[in-house]
Structures are given as structure tokens and as C-alpha cells.
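There's a structure below that I have some questions on.
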Amino acid sequence: MNANFASFLYLVSGVLFIMALRGLSHPTTSRQGNLYGMIGMGIAITTTLALATPSAGRFGLIVLGLAIGGGVGAVTARRIAMTSMPQLVAAFHSLVGLAAVMVAAAAIYAPESFGIGTAGDIHAQALIEMSLGVAIGAITFTGSVIAFLKLDGRMSGKPITIGGRHFINAALGIALIVLIVLLVTSESKLIFWLIVAASLVLGILLIIPIGGADMPVVVSMLNSYSGWAAAALGFTLGNLALIITGALVGSSGAILSYIMCKGMNRSFISVILGGFGGETTAAADDGIERTVKQGSADDAAYLMMNAQKVIIVPGYGMAVAQAQHALREMADKLKANGVDVKYAIHPVAGRMPGHMNVLLAEANVPYDEVFELEDINSEFAQADVAYVIGANDVTNPSARDDKSSPIYGMPILDVDKARTCLFVKRSLGSGYAGIDNTLFYKDGTMMLLGDAKKMTEEIVKAMDH
Amino acid sequence: MNANFASFLYLVSGVLFIMALRGLSHPTTSRQGNLYGMIGMGIAITTTLALATPSAGRFGLIVLGLAIGGGVGAVTARRIAMTSMPQLVAAFHSLVGLAAVMVAAAAIYAPESFGIGTAGDIHAQALIEMSLGVAIGAITFTGSVIAFLKLDGRMSGKPITIGGRHFINAALGIALIVLIVLLVTSESKLIFWLIVAASLVLGILLIIPIGGADMPVVVSMLNSYSGWAAAALGFTLGNLALIITGALVGSSGAILSYIMCKGMNRSFISVILGGFGGETTAAADDGIERTVKQGSADDAAYLMMNAQKVIIVPGYGMAVAQAQHALREMADKLKANGVDVKYAIHPVAGRMPGHMNVLLAEANVPYDEVFELEDINSEFAQADVAYVIGANDVTNPSARDDKSSPIYGMPILDVDKARTCLFVKRSLGSGYAGIDNTLFYKDGTMMLLGDAKKMTEEIVKAMDH
Amino acid sequence: MDQTLQKALDQLDQASAAVRLAVQNLANAPGGAEAAGDTAHALSGGTIDPFVFRFAIFVLAIFVGYYVVWSVTPALHTPLMAVTNAISSVIVVGALLAVGIAASGIAAGFGFVALMLVSVNIFGGFLVTQRMLAMYKKKDK
Amino acid sequence: MDQTLQKALDQLDQASAAVRLAVQNLANAPGGAEAAGDTAHALSGGTIDPFVFRFAIFVLAIFVGYYVVWSVTPALHTPLMAVTNAISSVIVVGALLAVGIAASGIAAGFGFVALMLVSVNIFGGFLVTQRMLAMYKKKDK
């Protein structure tokens, strides 16, 4: 295939990837967008095969590789539970990171095949681009593995802080720069692998001090990294699809990290420096006697069946308890009874951007009943009941009122403005941010202590009486 | 200067132009944005001079050209009345169009200097790009001149429709394509000038059948054209700044045309085909006796001073009468009296996108008192008075209710929902769309017949009593 | 002697023919070398026509333009028209080139006219935009 | 005869020297021609390193990414993470190249591993996104 035409096709696939992300601006266009993405990938693969014209044997290998990986991927995609999305994305990132390292290694071992010079005489520019790609790729790899382990509960979510880690990281960073310079001058394979090793270690060290709850920001950041790694290799291979896609993915991850940090009212730096939010702490016992009104499923059913308007506020606890299906059932019962039901989603409810939306969608909640904070916050004042299920921090009024609170300034859902506020959670414990919620002790609040799914199911049953 | 570094600088100037447009997303960042634009232009000019390193004589010529043109431009920019913006923009477009033609001509006469080949042996690709650039440039030139003449009232705004013009245009279009093919094969200068001539004629023929009132859409479309012409020449010259800027300007003009057409609920094609909306027609005399309540400045002053909330709806008539300063004075008086005053701007009020905003800004109306249709339309129901000054079509309820109306489906400002609706205009005549406004005959409406500026000034006087 | 001379001249002929061949080979060399690098170069972009890159830049710039213009607030649409007009006069680079280095006087002349015209735009466009933008003020409290 | 022969041989020498010179000139020709085009070519981009173009493409793609991602509705942020992950596996082009044509077996081996890894991503990423997106439904009336 003509190289110019190939480049043109790579551009087309880059544009299709842009269209894929563009489709996500609305649910109705999103499926179409995903299709564009697949077509773009198909074009990129076909073009490369047409350019490279591999021998039959090599072609067989390619088919084999695609089949093995594709099979694993397809099965995983079908089987995975929606609640495990954060882990899955982290695991997938690690694959891209490792693949970037492997591609760079292949380029170093067979530079002629990649058109970046001959063995012993690789272009300096290509070496620089490649070592950037390989370093970022390796960091993405181990970083994502750690993130996966923490998110999947296979490793404690507690931040693991080693003394002097900032010093060690800085030293590793400097070592990396020195190694890259050495690689450019010597082109030694040993040094290449030293770069890989240093980056792998750096990836681990950068992520282990970050608490499990902060992992979503990390996953998004690593997403961004995998983009920059792809772009760097795109420069080496002179491939437009890689450069464009790398930039897209790089921006995307960075923006999502930013959105999360802003939603939590924390700085990105403080997240990255780590040591925050390990395990959920118990309610602070500050000695003051405070009374809590506790209710039963029957109370809750009675209250809601007689309400005009109920707003449901889901949070991380709903995801943990997998309560979304029971919740939809409850909402259906209420709607059948003429109650106006809406869902209010805080930008950082759950542990991943859009986490609640995807779970509600899974339970067949129509997306036009689900509202963002700005669009629904004014409606709480007219609501009879706010049904807060497994959410905590995103309702905490101390973000609004208490300047000394660590989450002060974070926008919250004004559930306290509703006539009655029902809190479904297992204890009076705190949420992700580890701070007490004064709302539990408020007059209009009724606590429904228990597992979110069980409690909701009981309420549904009680509604039938 | 190194060619790579120069290209890099051209990229920088392209990015600065992007930042210039980006700044316009909010008034506070807009001035900064304009500054980026100037810096971008400065970089583009300096880079070109550093690359070309002209002789002292030529350098003198350059300084002379910049000084003459710059002087004229600076004086024009300072002197022009804000109400003449549409004309000014049209006039400026014509300059860009003509300049594109001249640059292409220079390239044909001295191809070596532009690196596109040698005389008699210019690259075919460059010839194609260039002829596209020159054709679009020439159309932009004459088209903008006609638009300027119509907007400035130096030529009748009436659509001038020649029989068989679609046929003539199509023939000219085909002739252009043939000429471009001939140019590529023969590289004859005569044919180059024939292309220029055909495009100049086409530019005139395309625009004269379009009514004066449709000129804003045309101006925006020509803006888009000037961008595409610049981009085409950018390909010829291999200049990144030109390519990027051309694409930006091209998109911008196209989007603004689209916004205007959507705001008017007309198709772009129907605008371009022309023959619509020449002179304002008188109110349709359909024989039905209708009563109009007419009021005086004193009545209006009394009504508004005793109101709680007044919403001002400016339209084209305010621009014609230059009533914005008087209007601001009136609003100040009302505010001093404790009345809540807001401005409501329809997306196509006036004759140019953002026309009303710039006039109000000129009269020192703070932009946070000025609201867009979607943001204020629900407030009319709570307003005591809607003060409609020189607006007509944008308030016409037939767009909402009457399926047979030519403007049916266009969003309108719901001034009829206000307790009282004051209409300041000179007659019961219709506006741009030439259709009657039933609102004039409604119960809650009071007509204040007279020039917008004079009437408003009288109201201000009456408020002092 | 004649024979020897003949031989020498033959030799000369042969030699020059051989060299001519070598020259031809050499002339074709760049092409040949490229052909050797083959798909490799193709993938690395070594032989890609700059037009392809420019086209990619053009396409992406259209996307950027689309988004950046939609994000402009409607209240600033008039300044937008003025400023896009101003920046479209970046065509000045072509004019400068023509005036600065055009070998033909007539080309330089065209360039000079173009330069004057766009200079009106450059200064006029940015200044009038600045004038307009300076008018947009917030309520002073 | 010797004299004539000598002359002929001298001629031969001279001729070959001249030809060698010509060959050298020819070898340098492409460079020379470029040098002649000089600023002209520089302006037309004839001599511009593809890196500059790629860099421009990269910068513009970042702008596009910025805008396109901000325009994604928050409700679809989880699918966004999944789909960006899927498209980042376009690094598959490097892996295909390595498996397909790498001269060294070890390089092909690395490529094969990379290919398997990203294939998981390609299929897994797009399919899981599709699965998620299929769940977003409007109220059925």
C-alpha cells in the first residue's frame, strides 16, 4: 500500500476515534460513537497489515495473537459485573502500558523494520521518543497493577507510606533521565532494560502510598499516562493514528482526574502525594450525647407511599450492596402509586465518575429520570422525602457550613432541605472522607440502619401490605 | 532562520489564534484573547520576515505597505460607529478576498520565490490549491463588496433577481472547473486571470439576489469563505499558520451562519437562493377592524415607575434609532426607584449575531444584566412591564401559535406573558420577516408610536416629574 | 601502434560507458535506497508527502474551530466576527513573501497591493475588536 | 607508439577523473538543489522535518481532546473511561508491525506478547463499553 494513502487512512481512524468520544455527549448518540471507535480500530489494523504485508507464517501468528487476546477480552467484557468497572479499567490500563514497553523493545531489537535506523545506528530522536514512551508505559503498567489490586481488594487499601519515599522517587526520576541520555549515546540494550526496570519500580512507588479510595483519580491519571505513552511511540513510528489517539486519551484522563479532584474539592497534588483516606473510620466519639431517630422499613414505606415527591440519592454504599435493582423496584412501586420519583447524582458519588449512572442504567432506570446536581438541587425544598441510599459525604452539610471541615467548599446535594431525609446505611460510620455527618442527628432525619439492598427489599415488601 | 523552527513558530501563532477565539467564551477573558490574537499575528509576520530576509529596499516597501494599510485600518477602527459593524466586517472581508487573489497572482508570476516550482513548471498540486484559493478569494471579494453596499444603504436592499440566474451561476461554476483544469495543464497566465474574472462575476451574481436583510448571513458565509481561501493558499505555501487559521475562520463563519438560520428558523439554502425580505412592508390590511391601545410617554413612565420588575427587549429599531444610551438612562432611573430591570436578548435580535449586546455594552449596560432567551423567558410571567424597543419579529407569537406563519417554529421572547407590554416603534408596520404582529392588538399591549430614541428620552423626562 | 591506440581508445570507450552506468545508478540511488527501506520507511513516515500532514492538520483545526466557536458566548458574537476577520489576514505571510523576495517585479507589485489591503484588516480588525470588548463591563457594585 | 599509448592512457585518466567529479556532483545534487531553493523551499515546507508536522498534529489533537471530552455528559463518564482505554490500544499497530515484519525473532516475540495484550483491550474495551451503553435507556412511554 502507498505510504501516503496509509497515512491518510490512519488520519481517518484518528478522526473516527474523535467521533467515538464525541458520541458520548449524549446517550442516544453514544452507541453510534462506540461503533465509530470499532471501525476506527478496524481501519488502523487493516491498514497496518496492508502496509506490512507479512509472510503467511507471520500472518498466522498475528491471527493467533488477536484470537487469544480477543477471546480473553470478549469473555471478560461479557462476564464482568458492572460494580467491578473501576478494577477492570485499571487492569486494562496495565495491559496497554505493558504493550507499549513490548513494542518499544521490539523497535530496539529490530530498528530497520520500524524504519528508525539500523542496529547500532538508531536515530537519536527516535531513541528519545521511544524511551519516553517506554518509561511512561512501564509506570502505567505497574501503577495500574497496584491500582487494580487495591480496587479489587486483593491488597489493603491502606496507604503504604515508606519513609523518605519522596527522596527515593526523586532519585529514580533523576536516574531515569541519566539513563535516557546514556541510551541515546550508547544505544545499549542493557540500558534500555534498566530504563524499563527503573520505571516499573517508580510505578509501584508512586501508587502504593495512595489510599484505596483515591484509586479512581489514580486510574484516570494512568489512563492519561497510557495516552502519552502511545503518543510518544506514535512519534517514533511516525503514525498519525497513534499520535492523535494518544493526545485524545491523554487529555481525557487528565480532564477526568481534574473533574474528580474538583468534585472532592481536593488538589490533584494532594491526591498524588498520597497518604489520604485508607479504611473507613468509625464515627468520631466526641463525648457529646447526640440522639438519632431510627426507623424501620415499615416506617419508610409508609412515609414514601404518602409522599408527593421523592428524590433518591444513591452513593457508594448502593454499589457495594448492589442495591440498584431493588431500588428500581421500589421506585416503580412509588410511581405506580402516583409519587413523583427522581434520582439525584452528585458528580463524585460512588468511586468513579459516572459510577451511579451506569449502575442505575444497569437496573433499567431511564436516564431522563436521573439528574445532575445543578439541575436538581433546587428541588429538594419541594420534596417530601430524600431517600439517601449508601451515600454519605455527598450530603454532608459541613461542606457548606463548616470552614474547618476537610471537605469544605465541595458542592453537596441539599438533602436536608427535604421534609424528611431517610438514610440507608449500616452504621453511623463515616464515608470516604472519614468525617462525621451531622445530618444523622438532625430532626427531620430518620436512619434506616442495615445493608442497602436488604433494607430496600424490605421496604418494597412493606409497600405491598 | 531554520525552516523547522519557522514552522514551529507558525504553529505557535496558529495556537495563539485558537486561544484568541477561546477567550471569547466569556467577557472577562475576551480582552486577553484579543491580545493573544495580536501576538499571534506579530509572530507570523516576524517569522516570515526572518525567513525571507528581504533586501533593504524591499524591506522599506514592506514597512511602507504595513504603514499605509495599518494607518487606514487604525483610523477606521477608531472612527466607526458601533451600529455600522455589519458593514465594516463586510468591507474588511472584501479586502481579505482581494488580498488572497493578489497573493495567488504573485505566486503564479514568481513561482520560484514561493517554492512551488519554476516558471512553466509549477507543481500541479500547487496549481490546484492555488486556483481554489483564488476562486474563493475572488468570490469573497465581490460578494463582500455587494454585501457592504447593501448594508451601508449605498445600494438598494431589494433582492435583484435576474431571470435564469441559477442557470448562469451553474454555467459559471462549470466554466470555473474547466478553467482550473486548463490552468493545471497549460499554466497560462491568461487562464489564471480568466478564473479570477469568472469568480468575480460569480461573487456578484451569487449575492445580488439576496435581500438586504439577509446580508448578515451572507457576511458570515463570506467570512467562512475567506477562511477556506486562506487555507487553500496555506496548502500552496506550506504554511501551518495559514492552514490552521483558515480552518478556524472557515468553521467560525459556517457556525455563525448556522446559528442565524436556526434562530430565524430558515434553511441556509433558502437564504442563499435569495429573493427574500427586501424592504419592510406595511401592515397587512386584511379588512378586519382591529383596535390598538396607544399610549404616551407619560403613561409609560407612570407604568414603569410603579412596576416591580421591568424587562427590556431591544431589537433592530433600537440600533437604527441609536437609542441605547437613552435606554440605559431610563433603566438607571428605574433602578434608582427600586425597580428590578433586566434586558432580554433574542439570538437574532438586530441584524447581526450579538448585535444588541455590543450596543448595550457601548451604552455601559453591565453584561450581567443582559440575559439570553433561554435564561430569561420564564421570567416574563413575573414581570409587570415588558419594554419592547424597536423589536418586532422576535416577539411575534405567530411563531409559536400559527403553523402557517413563515416564521413558525422560531423561538420567541414571551413578552405577551408580562402584565403590560409596551411597544416602542414608529408605526404598526412589520419587521424584517414582513409579517404582521398580532400582539399590537392585544389587550395588555400599549403602543408607543415614535422614534425609539426620542420616545425613550421623553419617557426619561416624564419620569422626573 | 595503431592497434594499441585503437585498444586504448576502446578501453576509454568501455570505461566511460561503465562510468555512465555507474552515474545512472547513482542518480537513481535515492529512489533505490528508499525502495529498499520499503514498508519500513513507509511506516515510519519517511516517504510521506507533506501534503498528508498538512491535510491532517487542516482536519484537526476544523475540529478545533468547531468546538472553540461553539463555546463562544452569544453576547460576544459580534466581536467574534471582527476578530476572525482580523486573524484571517494572516494571509499577510504570502504578501510579505511576495514583496520581500519575489524575483519578478510584477509579483512584488501584487504582493505590495495585498500587503496594504491586509494591513488595513490586521490593524483595523484587532483594534475594533479591542474597542468593542473594552465596552463589556460587569456591574460595578 | 609508446607516446601515443601514453597519451591515450592519460586521456583515459583525465576522462575518468572528470567523470568521477561528475559523479560526485551528481551525488551531492539533491542537497545542492535544495540549497538553491533555499528560503523558497523553506517557506513552502519542502525541507521541513516531519517531526514538526507530527508535533503540530499532536498539539491540535490535544485541543480536540480537551473540547471533545468536556462535552461528554457526566452520566457517561464511566463508559468514557472504558472507551478511551479501548482506543488507546491503537498501539496495536506497533505490535502488528513487530510480529509481521521484524527481522529479529526476539523482536517478533515481543511484538507477539504486545499483540496478545492489546487484543484483550481492543475486544474487551469496546465490548464492555457497548454493554454499558446498551443499558442507558429513555423512559418508555
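A, B, C and D are the chain letters, set down in written order, and residue numbers restart from 1 in every chain.
Note that in this section a contact is a pair of C-beta atoms (placed from the backbone, for glycine too) under 8 Å apart; a residue touches a chain by one contact, two chains touch by 3 or more.
In this text the structure is predicted, and so the values were computed from the model without any measurement.
Engineer: So which pair out of B-D, A-C or A-D basically repeats B-C, with more than half the contacts the same?
Structural biologist: A-D
Engineer: A-D or A-C: which has the larger count of contacting C-beta pairs?
Structural biologist: More C-beta contacts join the chains of A-D.
Engineer: With centres defined as the mean C-alpha position, give me the chain C-chain D separation in Å.
Structural biologist: One centre to the other, that is 20 Å.
Engineer: Could you give the separation in Å between the centres of chain A and chain C, each centre being the mean of its C-alpha atoms?
Structural biologist: About 42 Å, centre to centre.
Engineer: Taking each chain's centre as the mean of its CA atoms, how far is chain A from chain D in angstrom?
Structural biologist: Here the centre of chain D sits 31 Å away from the centre of chain A.
Engineer: Which positions in chain B are in touch with at least two other chains?
Structural biologist: Only 14, 18, 48, 52-53, 112-114, 237-240, 244 qualify.
Engineer: Multi-chain contacts only, two chains or more: what residues does chain D have there?
Structural biologist: 39-40, 43, 45-46, 48, 50-51, 53-54, 56-57, 60-61, 63-64, 68, 71, 97, 101
Engineer: Viewed as a graph of touching chains, is the assembly arranged as a line, ring, star, complete set, or other?
Structural biologist: Topology of the interface graph: other, matching no listed pattern.
Engineer: Name the touching chain pairs, would you?
Structural biologist: Going through each pair of chains, those in contact are A-C, A-D, B-C, B-D, C-D.
Engineer: Give the list of chain C residues in touch with chain B in this complex.
Structural biologist: Per the stated touch rule, the residues are 50-51, 54, 57-58, 61-62, 64-66, 68-104, 106-108, 110-140.
Engineer: Spell out the part of chain C that touches chain A in their complex, as residue ranges.
Structural biologist: Touch residues, chain C against chain A: 37, 39-49, 51-53, 55-56, 59-60, 63.
Engineer: Which of the residues in chain C end up touching chain D in this complex?
Structural biologist: It comes out as residues 1, 4-5, 8-9, 11-12, 15-16, 19-20, 22-23, 26-27, 29-30, 39-40, 43, 45-46, 48, 50, 53-54, 56-57, 60-61, 63-64, 67-68, 71, 97, 101.
Engineer: Considering only the defined contacts, which chain B positions touch chain C in the complex?
Structural biologist: 10, 13-14, 17-18, 20-22, 24-28, 30-31, 33-34, 37-38, 40-41, 44-45, 47-49, 52-54, 58-59, 61-62, 65-74, 76-78, 80, 82, 85, 88-89, 92-93, 95-96, 98-100, 102-103, 105-107, 109-110, 112-114, 125, 219-220, 223, 226-227, 229-231, 233-235, 237-253, 255-256, 259, 345, 347, 352-355, 357-358, 361-362, 364, 366-370, 372
Engineer: Any idea which chain B residues touch chain D in the complex?
Structural biologist: 1-4, 6-8, 11, 14-15, 18, 48, 51-53, 112-116, 236-240, 244
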